[in-house]
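In what comes next, chain A is part of two complexes: it sits with chain B in the first one and with chain C in the second one.
Moving on to the complex of A and B:
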């Protein structure tokens, strides 16, 4: 069996092997309740990674996702009182609009996506600081429970976040597999020049990909602020690295075109298991960033399609 | 008669004119902006930033990008403090050895960055971003989240000893800038940076050893980040895992705003100096005229976008990722 045929299956094999290793070291890890709560805890990260998948799938990157989530935690905390449930719409709209801006800058203004999203992230940071007055904000507990309590409860041993995650995954999977948009994104990721030559409106689809990324980062921020019952301009710092790792270890390469949202689901679970296993094996939380940085380098090196890069810049 | 108002001339002089316009604008709103004391403040803020920006200039001239500076600066700053403490706590007691050691360490981290990028063929923005995360992680690991500091009047002279009103660190940064200019303009390595940035395949065909040039560029960048780390420790008097925060966005904005093209091959360290001064003047001026500081990130964001848009020749770019 050669490596090329094995490659698409590597992510879920990695996941199973990791679960088995941790499970043998600590059998209580494999209890369904533990596994489910582990999965529930990682949902905000998963939603952000889901959005990032679209940006990476077309060969771009969205470095604003973390700042976006930060800003949304503040927006949600500030406007929950006057707007009630409609604050969710405001958050998603804000994320979608700023994502559109990144996409517009990248496609129409020829600003490389890592710069345009970094800049949009700067705008998000300023908005967050301005709205919050640079303080940590709290949501009104009763109002949060009335409006968004359904997001974070439990049915039996299943955390409600998991339903949200599965719902969003299903929507994204339908977009990816069953819509013109999904096909177009695959074409752009597989070969942008060919897609443009075939008459595809590449710019429009790329802008949409960044908009979806922004919108999902906003949903991640909203869920995170509901979980923590508050927001602050730097509260979600530390999300960006594991989110990128989740997309890449799932098997969507930096060069785009293959992989997809299902891969990201597996990638996120790998991140969750790595995190949990680090705790079991006594690696302190402070060391995690280093480990994830190294995992990221390995994941990129294994997945990237070098035939697509004539010169590596 | 040669035309004066060409696109090339506009791009070359625009950053400098913007800097002049900003100084005039801020002075008009608040005359105290134009004082020696305030200029010293701007220079102190700009000195470490200039070193970071000069380091990344070489990389951008090659057409690559380096996003590892935050992690590298945090790590080298923390290592520097630990090393000085281990060597007696003052420069005079043997702590001065830490300075060359840290500069070499910075270059070594840069080399690792370059090796990941060149050997594993990973695009530089992602290789360096990942390595930056590792650097920050290592700094957190070493400090355990605490602050490291040492108290040495000799070392603090970088900030406290003033010549003509400007502290010593401004002159140190100035000398390093001249060193960078020398490398850029008068060495083979400097010319090779431009060759690689102007067209990698052509450079390769002409016999330039592209891989070695890239590795040298990233090592040089790491070296300058280490200088920045030492100046930053002198400036704030301590090191911790967030010492390098904000440098990534600020330095890349500075370089691009100064007129170094992201596509490579155009611009140099003098552009970077102007860019760093533009960013420092804006940051300082916003405070002087009483604008809230939360606007800074957004202003820098808008600035970098405008600069990239203006510096891009749209006819020559097929598509961007």
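Moving on to the complex of A and C:
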């Protein structure tokens, strides 16, 4: 079996191997309750990675995701009291709109996506600071439970976040596999020039990809703030690197066109296991980003399609 | 002094050079001519070291040599002046001239600009270019840049033992007439310093400048002509002169087109750049062929009809409707299909399978509310796979792994299955083997029978003559002449060439 045929299967093999390693080191890791709560904890990160998948699938990147989530935790905390459940709509709309802005800058102004999203992320961060007065905010506990309590409860040993994650995954999977939007995004990622020469409105689809990424980052932020019952401009820091790692180790390369949201689900589980294993192996929280940084570099080097690159700067 | 003996070069599926013998002696100017795909550029790349031959040998002064790359060839005195200029426009002239060889002017890594300027002036004097070597290259005219490029190659003179061989690839294609004269005068004077290999599409120029001319066809040198020993026509004939019967281009299937049904009308269309005042009409069932040299504006005209270029003047009518601000999407909706020249980049999406490629231009037809009906898509793909006998393992096969001919069939099926009745074909047979070419010719005739209008940019002149109802000859962005090509009264190669060059 040659390496090219093995490559699509590497993500889930990696996942199983990692689970086995950690499971041998600590058998209690393999208890269903532990695995489920581990999965439940990673859901905000997963939703962010899900959105990022769209941006990366078309060959772009969305560096604003983390700042977006930060901002949304603040927005949710501030506006939960006056808006109630409608604050969710506000959050998603804000994410979608700012994602559209990134997409517009990238496709119409020819600002590369890593810069346009970085800039939009800067705006988000600043909005979060301004709106929160640069303080940590708390939600009113009763109101949070009344409005969003369903998001974070448990049924038996299954955390509710997992249902949300599965629901969003299913929707994204359907978009990817069964809709004209998904097909167009694949064409843009795999061969943008051919897509344009087939009469596709490439710019519109690219903008949509960034909008979806922004929207899902907002959902991630909302869920995170509900979980923590509050928000702050830096509360989701540390999400971006693992989220990108999740997409890439899942098998969606930076060059785009292959992989997809199901890959990201596996990639996120790999990130979850790596994170848990660092606890078992006694790696301090302050050192975790080093590990993710290294994993990211390895993942990019392994997945990137070099035939699509002329020069790298 | 420089010689190739029985040089071979193979690429997957093609023998690009077949036992080519070539020699050039001291101070000689040698011309190299051939049609697109004859093997000229492969031969040049072997000469300047970009390709290593698969057989035969390269001799310099009778001794066999092997180049590992262009730089290696340069060390042996072989220099190349590129058509697409290789100068870096934001560097100064002198930095360009000595790019990669700055060491001679530097001490401890610090470059002495004064020393470099002095040396650069000496090089520029060789090509009689009186400019400040500190000038930024981007501010020079095209002709001046070409001379700088030549000066850069001539620096080899000081670095290399022995005589130089300089390749000039299409050096005159964008020069004005006086500039061409000056260049030729300069090249003749420089024969004291170097030998020149001159590659050009313009037969008259090659004849004027060269001492001997190598004529290439199908990867072989078919003749070597000495100065004055042949007329441009005889050389042209040797370049293209393969025997092709009428059957090959399906001439017996060529039927008169429907003059009452204009599909595309361009009137007085000008584009940014050279293309100006283009007026032509495409009818149902007609193959209209745009003929001209590389860069004459053929592709720009195709892209205008497809909405990828916007006219600055004139009007475009599609099926009687005047359209302004046409986009590719809009063109597709009006029934225009485009088969681009760069099949692997713009034609198919590698990484997507056959049905995904076929429905890419017509997804709304296979979707309800954005929801794709994959079953229908697969049915379509299976139907066209059998109809065009596309060699693919199934409709799930990745189009990137198909052969060129089958990729082209997928592209054609994409448009035909969507009901496109205006087809723009840019080099549709480029790089295909003969069987696949004949399949494409058959498809073109079938399309015409169905009332499709075809605008064709053909791979060779014979193909253009054989396939077309109408030929429009374009030169420097303007229409020179229109020919009717009814079977039996087709224009000859010479008729076309007369207006092309």
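In this text, the second predicted complex is superposed on the first by the 313 of 313 C-alpha atoms of A that agree within 3 Å, B and C clash if a C-alpha of one lies under 4 Å from a C-alpha of the other, contacts with A are read in each partner's own complex, and residues count from 1 in each chain.
Please note the rule applied: a residue touches a chain if its C-beta (ideal position, glycine included) is under 8 Å from a C-beta of that chain, and two chains touch if they have at least 3 such contacts.
Just so you know, these numbers come straight off a predicted model, no measurement behind them.
When both complexes are superposed on chain A, chain B and chain C end up sitting side by side without clashing.
Shared-chain residue A:193: touches chain B and chain C both. By the touch criterion defined above, A:130 reaches chain B but does not reach chain C. In the superposition on chain A, no contact is made by A:95 with either chain B or chain C. After superposition on chain A, the vertex angle at the CA centre of chain A, spanning the CA centres of chain B and chain C, is 70 degrees to the nearest 10.
When the two complexes are overlaid, the chain among chain B and chain C that reaches more residues of chain A is B. After overlaying the two complexes on the shared chain, residue contacts for A:103 are found with neither chain B nor chain C. Of the two partner chains placed around the shared chain by superposition, chain B is the only one that A:122 touches, whereas chain C remains out of contact. Look at A:254: by the touch rule set out above, it reaches chain B but stays clear of chain C.
The least CA distance from chain B to chain C in the superposed model is 5 Å. When both complexes are aligned on chain A by C-alpha atoms, chain A residues 193, 196 touch chain B in the first and chain C in the second.
Residues 306, 308, 327-329, 331-333, 338, 340, 342, 345-352, 356, 359-361, 363-364, 367, 370-372, 374, 414 of chain C are the ones touching chain A in the complex. On the side of chain A, the complex with chain B involves touching residues 59-61, 105-107, 109-116, 118-123, 125-127, 129-130, 134, 192-193, 196, 202, 241, 254, 286-294, 296-297, 300-301, 304, 306, 309-313. Interface of chain B with chain A (complex): residues 63-65, 67, 116-118, 120-127, 130-134, 136-138, 140-141, 144-145, 200-201, 249, 252, 256, 262, 264, 292, 294-302, 304-305, 308-309, 312, 314, 317-321.
Only residues 178-181, 183-184, 186-187, 190-191, 193-201, 257-258 of chain A touch chain C when the two sit together in their complex.
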